[in-house]
Structure formats: structure tokens, C-alpha cells
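One chain, chain A, links the two complexes that follow: it is found with chain B in the first and with chain C in the second.
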Partner chain A sequence: MADLRAVLEKLSNEFGVSGRERAVRALVKNEIEGLVDRLTVDALGNLITYKAGDGPEPRLRVMLSAHMDEVGFMITKVEKNGLLRFAGVGGPDQRTLLGKRVVIGDERLPGIIGAPPPHLLSRDQLNRIVPIEEMAIDIGATGDKEAGGKVKVGDYATFATRFSVLSDDPAFPTVRGKAFDDRVGCTVLIGLLAEHYPVDIVGLFSVQEEVGLRGARVAAYRTEPDAAIALEGNTCDDTPRLPDEETSPVTRVGDGPAITIMDRSFFTHPGMLRLFRETAAAEGIPIQYRAPGFGGTDTGAIHLSRAGVPSIQAGIPCRYIHGPASILNMNDLTNTVRLAGAALRRINRGYLTREN
Partner chain B sequence: MQELTQRLTGAFGISGYEDEVRAVIREEIAGLVDELHIDAMGNLVTLRRGTGGGRRVMLAAHMDEIGAMVTYIDEQGFMRFAPVGGLYPSICLGQQVQFADGTVGSIGLDGRADRNQAPKLTDLFIDVGAGARGEVKQKPGDPAVFRQRFAAQGNAWFAPNMDDRIGCVVLIQLLRELKGKDIAHDIYGVFTTQEEVGLRGAMTSAYAVNPDVAIALDVTLTGDTPHATPAMEVYMGHGTAIKVQDAGMIGHVGLNRLLVAAAEASQVLYQMEVLTGGSTDARAMQVAREGVPASAVSVPSRYVHSPSQIVDRRDVEASVALLRSLLRGPIQL
Partner chain C sequence: MDKVEIGRMLRRLTQADGLSGAEERVGAVVQEVVRPYAAEVRVTPLGSVIAYEPGTGGHESGGSEAGAPAETAAGRAAPGRLMLAAHMDEIGLIVTRVEGSFLHVGRVGGADPRSLLAQEVTVYATGPGADKYPDGLPGYIGSRPPHVLSEQERSKVVPLDALRVDLGSPALGASVRVGDRIAVCGDYTELLGGRVASKALDDRAGVAAMLGALGYLAGMQHSWDVYAVATIQEEVGEMGAATAAFGVAPDIAVAIDVTFGDTPGLDDTETVEMDKGPVIGWGPNMHPGMVKKLREVADDIELAYVSEPVPGHSGTDAWAIQVSREGVPTALVGIAVRYMHSATEMAVLADVDRTARLLAAFISRLDGEFLAHLPEEV
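Showing the complex of A and B:
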């Protein structure tokens, strides 16, 4: 599984803001060549892959999903002075934007989210969070003519962050990059597709998760899975905080795959929860539970498809998601591949029914 | 019916964890339906087969109630929590909750909170009387509901979860009263899950049932308390309420016309309901597949989403009588 780090590096560096996922899709297609029986790209841009199981028929059809899109920006106006106004796409963290390097459009034109120099600001101005509407991207153009020749309204932009390895310590191997939400899920899914399972697999690389779970909704409708496992880069806040703050981290880096019990979009199916608990115990894989009540992911759409789909989400804790750079632990990634793979070998219809 | 209400309001059933309520309902409807199954979302989907020539009528009442879920337990054993459904912090303060195993807790206020302001949920914690984390049986992820207490006083029934156990009561009582009667329609009585967190159970069960007509059985707010805001022409004790509109849907005009005709034909006391906030399972059923004519029949309830909900027994009876009258005739829309 050593090469999964290389896969994550390529995926993290690629450009794929919600609605413009095609470069990521091309990269994923390349990585899974030969690993699936067939694949299709649907009307919204979802990459849907199929891989038959080797168990006896009738086989369960299990969806594995990860979203290709990342949060970013869209150019809304080219100003007279050549600065570019922009809107957020999918909720980038506006506290983190000023002074950051970005790339714009399919040509990856470099720019900077500009800010007035601190020397010129009053204390009040310095202490305030600048709303995204007041920011502008500077591409070094002399005026709207030059800028307009390079950038059009509607072009996408994202962070220019490049992937890097922070630590090779096998006990705590960390990497840094942009868009780990959810390129880490895509990486896990690619890792899972390299193996064979008794059940049929629908491997979904979805689009537009960050703007409302849109791709997963139609893909689940199309493929009618019996069960679904979503693979996500999860919120993580295990970094230092005020000593008397009475909340626990949502997840902790390095504590293993994070299992969701409840978030704002779904409750985990009790049978699927039992499947993952039993699998983790049998395989000796550490797991943690994501603190209830925060966020929503593709699972929220998938589990409500048609007559309902028993679903669970396994997440990889990522610090600083929706910002320019995240940090994750490669052991969490490889343990998620192990856990989901073992669950796919263990799953049967008994896990998909309720006791009363 | 009072005994049934007492039993259902005493069962634990927060969104996502409706198992105990479902088990009670299964016992109560034994022998009243022809088919029954539990789907992936935990909905209890039942069918009372008609004599033929009728429609597929889906009646939905949700089993879940709002509550809290533990997110964190501190060194002293105080538990912070996330809301499950529309849990209002100002109503939580000073209340008692209970967990699925019966453990009772009080809701306390963090001393750092500004007492001149309404508290935020993050200012509140559940106290189960423990001295340290090690004495607490609960884990993060465990759900709790307002402490269950039923009372009957004249025509008024009190319970923290009338929303929507009383809708379940209406549906069960209807099935009881239809026993042995010839009804043309196939009646899909669906006891749904996760209504309070986004009408999720109704969404998937309506897809599976694929009904011709759908009616949600739920509670609605009232305008009859002092200076009730927003003003609303629905009164407790003035009959069942037929949904004209709420924040999520518009009742099907033809279906509402039939409901009104059915009420008048059987001299059932009814009121027309316009609700400015909130919605019901009818919203999800209405947009299932290619669309379903849908409305809601509501029991007016004071203090919904609080531990002190009140309904009037006569409104519950009127709701049952209205549905019985509707189902007796043809449903042409």
C-alpha cells in the first residue's frame, strides 16, 4: 500500500472544484485502469465503476463512494484595475484566505488573494475577519483588458498548495496538502478497487458533494446499491485549545478510521455499525467515533435513495479541511482501506436487517 | 385510546433509535393488518388490503421524537450534547431527560453563560448525578429524550412526545375501528422514522409504497395561548386540523376538498390549518417519484417540541373519525 501515498499526492495536487472535476476524473480513470470491469461517466460527471464479486450468486451490491470535488472559488467580476472578485464554491474557510496563493482556470494561472498591507490598517481593521466579498485575486495584470484576456467570469480557482511529506516516522507518518476532503477518500477507494471481494462493488467517484451532495444522489438512484460505505476526509480538531473548553475533538489524527454515528445528514444504519465494529475487533484495527452532530456528507444523499440504503461512513481525520492545506496521518488512510476491505469480505444480508 | 397513548408516550424513540416504539406498535397492530415489514430506514410499513376498486392510500405517522445526543463527557461526569431535531435551548434549561436504559439526567447551565440572555445549547450539559466520568454509564453517541411523563386531566392529555406519538395513536385507533369493515382502498399504514431530522423515513417509504394518495398524521401548533405568536386560527379542542399549507408544502386542493366533505358528511369537528413554520412527512410524500396528492390531518397541540405538550382527547377522536369517513367513500382526485 506504499504507493497509495503517491496516489494521494497526485490527487491532492490536481484541480477539481465542485462542478469542474474533470481533471481529477481523468486522473482517477488512469489510476483504476484494469482494476474494474467497466465504468461510465453520467450526466453530472460522476465516475461510476463496476466490479463483479467472486462470491456465489445472488451477490450483494455494495456502493463505495468518495467525492472528487474540493472547495474553491469562482471568478465573479474583473475589476477595472485588473483585480478579480470571486465567490466561494462549497464553503472555503474565509478566515484562511488572505495572502494565499491560488491557481485559476484550466490553464492554472497563478494569483494571490490580496490584502492591504498591515502598516496601513487601524487596530479595528486588523482584528476583523474580512468577508469574501471584499477580497480580490491579483494576477499581476495592469488592468481589466489584460486580466480579461486571461480570465473569464465563471472561471474556477483553487489553492495552489503542493503536497508534501511531513514525517516518515512509521508510528505517525503525516502528509500535508490541499483538498484531502475528499481526495483521501478517492485514494482509499482506489486502494480498495485493487482487491477482489465476494460482493459486487459499485465504486463511485462523485461530483458536487461540497455544494449539496448532488452527484451521489443521482448515482445512488442509478445503481440501486444494497448497502453503501462512504469514504471521507473528516473534520478534525485535536489541536491545542483553551484548557477549559468543554468539547472533545470531533476526531483525532492517528486514532484510526472515524466512524460516524450521527451527523446533520444521516444516522448510521445499526447493522452496518455492527458490521464495522465486529470487523475492526476481528482484524485488530483501531477505530474512533466521530463526535455526533457535525457536518453532512454524500451518505446523507445515498441512504435516502429510492426505498433507502443501509449506509455507513468511514472517515480519515484531516486537520484544517476547507482551508489551503490539511494534515493527515497515512496510518489512518491505510487502516481505512484495511477496515473497509475486511468489511466487504464479512458483509451479508444479516447485517442489512433490523432486529425488530 | 388513553391507555394506548400512555403506552406509546412511555416508549423510548428518538430519531434514528425508534426500535422500542416500533416494537410496541407491532404488538398493538397484530391482527389488524395483512402485511408488515421493516425497511432499511427502520420504517414499519403495513398494508391493510382493501376489497378492491379503491386507491393506494398511504397514511404516515412518525415514531421518532426530538432529543439530545451525548458528544462529550468531562472529568466530573457532566455530558455535553448535540441536538437531535428541533431542540430549543431555552426550553431545555432545568428539564429532566432520560436515556434508553432509563437513566435520568437533569440539564444544567454552565456558570460562564450570560444569565440575561437565552442560553445556547453549548452552555448546557446533562447531569446524571455522577461524581466523575468513571461513574457515568453513558458514552458519546448515546441519545436521550425529555423524561417521559403522561397525564390525563379532563379532556387534556399531557406528554413530552405527543409529536408524534399521538399521530401513531390515530393510525392505530383507525386500524382498530376498521377491523372487519369493508373498505375498497389498500391502506398503507406507515410508522415512519427520522421525521424530526428531515422527513427521511417518509422519503424512502413513500418511494417504496408508491401511493396514489398520501396523508400525514401529525400534530400542529395552536393560536389559542396568550398572545400566541404567530397568530393562528387553530384551537385545541376545536377538532381535527386539515392542512392548507405549512412551511414545507401546500395541501393538495382536491384532497382537502374531499377531507372537508368527509368531515361534514360525518359531522366531524374540523378546522383548516395554516402553519407558518415547520412541516410534516406529507412534504416528503408529496414529492416522491412523480408526485403524490398529499395533505396532513393534524391534532392541535400546545407547546410542541417541549416536555409539556398538551392535546385534547376529542381532537384525537375527531382525527380518527375524519379518516374513517374519508376511507368509506371513493377517493377521486
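Showing the complex of A and C:
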């Protein structure tokens, strides 16, 4: 699956802040050419793909979803001195922004988020988190005229981070890049669409997950799936800490696909949970459980569509999400492809009841 | 030499890593870049790089206690010996403990923990198997996801001792030793208006100006001998400048370092305007006669400059050079840099070029009379 790393690299480096996912969508379209029966782009920008199953009719229709959008910024003001004020789009971590590079707008204009020199700051200032409202992007312009020729209020911006390989060791192959939440899910979905399944597949590359699960909601309504599997870059907090610190790592890099049982947006359907447990055991794929209570994903919108959709979320642990870069283990990615693929071959109506 | 060439040098110089005390990589780049413009290049015992370019006055008997070359172009004694100094070391981190994939770190120089969070770095590993990674290991200073933090945790700056460099694999951690150096990554990015952003503009901008001055000087006459020194360990106390000044034993010296460029939100009495030319320092660290001459030369070549009051310790190589041996008349020429000590330091390339041109003009105008008149100016 070495080519999935190349796919992840391309997707990670591409620009796609919530509301401006077009470049990522174009890239995905290119990657899945020939893998699906048909595709459509809806009113919000979701890329919805269809792939008929080869099992006997009537076939289940299973939605696989991953979101294309990433957290980023929007320019809110061009100052007289040429600096750009900005707001977060979808919750970038403001602690991580000082001294980082960004690209702005469809032209990808380079800029930096300046950090005043520590030499000239008081102790209080040095110990204070600078709120995002007080930061500015510097593009080198010395006045609003010069800046205004290149940037407009409303332009989107994102981190300028480039993908890189940290470890080539097959036992622990790790990579670093921006927007793994959720370009890693998009990569898994592309990997899954390369195969054939007995069930009908709706492959959803959604928009606007980071600003409230907006895309998945309308796409689930449109496609009426019988069940749904969301593929996500999951929160991971597994940096070593003192043993008496009562914090959960949520997930651990390298421990396999993370199965959600509950988060802030949904409870996993018990039948779908049984499907994934049985599949993992049968295939010998290691899985881990994502600690309950953190974050919310597209599943939160999909499982409430129409009369309700049995749903589950399989995630790839990503350290440091919502900052300029994340780190993930490629084995977690490929095991998620294997697990979800095997589940799609195993799923039947029995798993969609709430019995047993 | 021109601004474009200086930009090329600056890109190469900034993208080489060279933490204080481990300047070999950037030192090699300095040697390569300066070679076309110097008669001789040598390295001091502590690692400073000295480029020597004789004046048309030449040396009567060659080297002295300064260890200058024995034979030079002409037979006459040069009227004087000038030392230029710009430091090539940069701030960064050092490994204090290895914990699987994760490195605990300490500071080398004055890095700012606020901008270190979520920073890409290069770890120069020296432990078992590290020879597989001659260009260092990529690492990342992770930030715990905001999703799991309490409101209180989210509003606190992560202190240096809680920062961890993540190598991505415990197997990689095994090749790292305590004491290994960690350089901050920061591409050379061209912005609007001829401005550039990079790590280590402090003080590679100064090094580029100094080497650029030698380049300009190649097309000019100068009677003085010039020793251009890319110094080591400035960020931890001007160690390289102190030892190099002893070795060169200059009659006069000019240090070239960055100073705080105007930054929105900061008190403008503590910063200087950017894009207004070289910054000529004034204060106890600078010899009045040297400052006067630099200003005269700038006026003479119609080059705008900025005067910066420096009421005490300049925090530059000039501080150490001034008190070398029996004392050296010293000046400080600065380049305004915004966002200092971050991975996105910013400068105006034209300021670097203007500084190079001022230095070259200054050197070419030094004559046999200059030294004799200096005492009158103190």
C-alpha cells in the first residue's frame, strides 16, 4: 500500500479549509477515476460517489465517509500597515500559531504569523497565550494598498506545512503533515474504493465537517444509506506523562484502527460495533477503542439522518491535530483499510438490528 | 556582487544549520561562499571562519602575532588591519533526555517556548546507528490536542521543560544521545516588497552582508587588510568574537548583527524602521570616531541609514571585540529584523545589500591617516 502514502502526501499538501474544499475535491476526483460507477457534487460541495455491489439483490447500501476540509483561517481585515487580521475556521489551536508559515487564498500567497521578540516582552507577556484576535499575518506588505492588491477580506488561509516521512521502519512507519484530520480518512476511503464489495457503496468525501458536520448531514439525507462507516483522523494524546497524571491518551499511535463507542456527537450502533469486533478478530487486525467523550465527527450528523442510520466510526490516531502538523502511523492507516474492507464483506442485515 | 547574489547567499546561509557550539555545517557553507572573495580562508581552534583579503598596501613582512599569511600581494605595509565580525551560530535546542520517540530538551540561546510549540525541527543524532542520518532526523515539537485540554491548560504557555520533540518512532529515539543538537526548521520564504522570512536571519543576514561587502570590495581599491570573521557562539556570550579578535589583533573592528525591526504592537523606541538602510549603533560600545566615519561614508555614497541608541551592552560581538587585548575601536552596523528568535524572522533584502555596500565603501575609504585621528574622537 505504498501508493496510499503517496495519496496521503498529495492530499495533505493540498489546500482545503472548510468552505473552500475545491482543490482537494479536484485531487480526490483524479485519484478515484475509474474506481466508482458515478459521482456527483452537491450544493455544498460534497463529492458523492456510487459503486454498485456484486452481491445478490436486495443489497445493503453502506455509506463510507471522510471529510475533505481542514481547519484554517479567514482574513478578516487588512490593516493600514499591511498586516492581515484573521479568524480561525473550525478551531485551529491558537497556542500553535506564533512563528508559523501560512499560505493565503487561491493564489497561495506566502505569509507568516509573527512572534514579537522575547527580548522585548515582559515576563507576564511571555507567559501569556496570545489570543488569535491579537495575531496578524505578515505578507511583507508595508501598507493596505500593497496588501489589498494581493489579499481580500474573506480569503482563506492554511498552514504551509509540507508532508514528510519520519520513519521508514515497516514495524513503525510514521509520517508528518498538515490536515491529516481528515485527509487520512480520505486516503482510506480512496483505498477502499479500489476494491469490490457485495454491498452497494456510497463513498462520501464531505465538506464543512470542522464547522459543524454540515456536509455529511445533507449527503446522508440525499443518499439514504442503510448503515454508515465514518473514517477519521482521531484525537491522540499519547505523549508520555507522569504516571499520576489522570489523563487519557484517547488513542495511541501504532495500536491499530481506533473504534469509537461514544463521543460528543453520537453513540456507536451496537450491531455495527459487533460487526467491527468480529471482523477484527476474524482477520487478526489489532484494534483499539477511542476513549469516550472527546470530539465529534461526521457520524454525529449521519446517524441522525431521516429515521436514523446505524453508524460507526473507525479512526486513525493522529498526534497534534488542529495544529500545523500531525504525526500518524501508516500501519494504522492500512489496517483501517483492511478492517473496513473486511467489514463491508461481512455486513448483513443481522448487524443492523439492536438485538443481541 | 548585487542584491540578487546577496539573496542567493542569504538563502544558502540561513538554510544551513549551526547551533552555538556546533557550527560546522554553516561554517562549511561560509567557507564555500566566501572563497571567491578572499585570498585566504582559515578556521580558528574554536571554529570561527576567518576570510583574509589583503589591502593594496600589503604586508611588509607578512604575518604577525595575528597569524596572518607570510606573503602578500605587495611589499608595502598595509596602513591598518580591519576586522569584520558577524556571527554564524543560531539559537536552538539540546537533548536533555530520551524517552522512546520523545526527546526532552533544553535551550541553546534564547529560543521562545511560545513559538516552539508545533515547530518542525531537525535532530542531529550522534548515538548508535546515527551515521544513517547524516542530514539529521526530522522531528516535531508536539502540541497536545486542544480537545483534551481544560480551559485552564489551554490558556497557559507550555514551558520549555514540558516540550517534547517527537521523532515518530522509538527506534529513531535509540540513535539520539543526550547533548545532541536540535535545529529549528524555517524555510527561506520570499514575501512581498523584497522582504524575506527565514530562521536564523539572526545573524546570517549579518554574515551575508559581510560576505557581500567582500564581493563588492573585489571591484574596488582598498589599502587596509580585511579580516572578515564568521564567529561562533555569539548567542551564548560572544565566545567566538572574543577569541577571534585576540587572534586577528585588529586596529579597528566592525560587528554586523541584527537589531529589532519595527513591529506593530511594540514600543517604537525599542525598534528601528525597516527598509531604511543599515542601522549604525551609537553608545559606549561604539568608538565615536568609527561611528563618525561610517556616517560620513554613508552620506558620501548617498546611502540612507538609521541611527540606533545603544545605551549599554549591545548584545553583539562588538561588546567582546571592544575589550580584546588593549582595546579595539569598534562599531556596530545592524540590519533590522522583525520577529527575532522565531522560525519566521523577517528582513528586507535591500537592507542587507545596503549594509554590504556601506561596509565596502567604508573599507575602501580607510587610509593611512585614519588611525592617527581616531584618538581625537574619544
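Operating definition for what follows: the second predicted complex is superposed on the first by the 353 of 356 C-alpha atoms of A that agree within 3 Å, B and C clash if a C-alpha of one lies under 4 Å from a C-alpha of the other, contacts with A are read in each partner's own complex, and residues count from 1 in each chain.
FYI, contacts are C-beta pairs under 8 Å (C-beta built on N, C-alpha and C of every residue); 3 or more make two chains touch, one makes a residue touch a chain.
Quick caveat: nothing in here was measured; it's all calculated off a predicted structure.
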item: Clash or fit, chain B versus chain C on superposed chain A; value: fit
item: Which superposed partner A:354 touches (first chain B, second chain C, both, neither); value: first
item: Touching partner for A:306 - first (chain B), second (chain C), both, neither; value: first
item: Partner chain(s) touched by A:169 [first = chain B, second = chain C, both, neither]; value: second
item: Chain A residues touched by each partner, larger count belonging to chain B or chain C; value: C
item: Which of chain B and chain C A:128 touches, first, second, both or neither; value: second
item: Superposition-derived angle with apex at the Cα centre of chain A and sides reaching chain B and chain C, degrees in steps of 10; value: 130
item: Chain B and chain C, minimum CA distance [Å, superposed model]; value: 10
item: Touching both chain B and chain C, residues of chain A; value: 247-248, 294
item: Touching residues (chain side chain A, partner chain C) in the complex; value: 79, 81, 83, 91, 93, 95-101, 110-120, 126-130, 134, 136, 138-142, 146-147, 150, 161, 164, 166-167, 169, 171-172, 174-176, 235-237, 239-240, 247-248, 250, 294-295, 319-325, 327
item: Complex contact set, residues of chain C against chain A; value: 99-100, 102, 110, 112, 114-115, 117-120, 137-140, 142-148, 154-158, 164, 166-172, 186-187, 189-195, 197, 260, 263-267, 270-271, 275, 338-344, 346
item: Sites on chain A touched by chain B in the complex; value: 246-248, 261-262, 266-267, 269, 289, 291-294, 303-310, 352-356
item: Residues of chain B touching chain A in the complex; value: 15-16, 19, 22-23, 26, 38-43, 69-72, 74, 78, 80, 82-84, 110, 122, 125, 140-141, 194, 197, 200, 203-205, 207-208
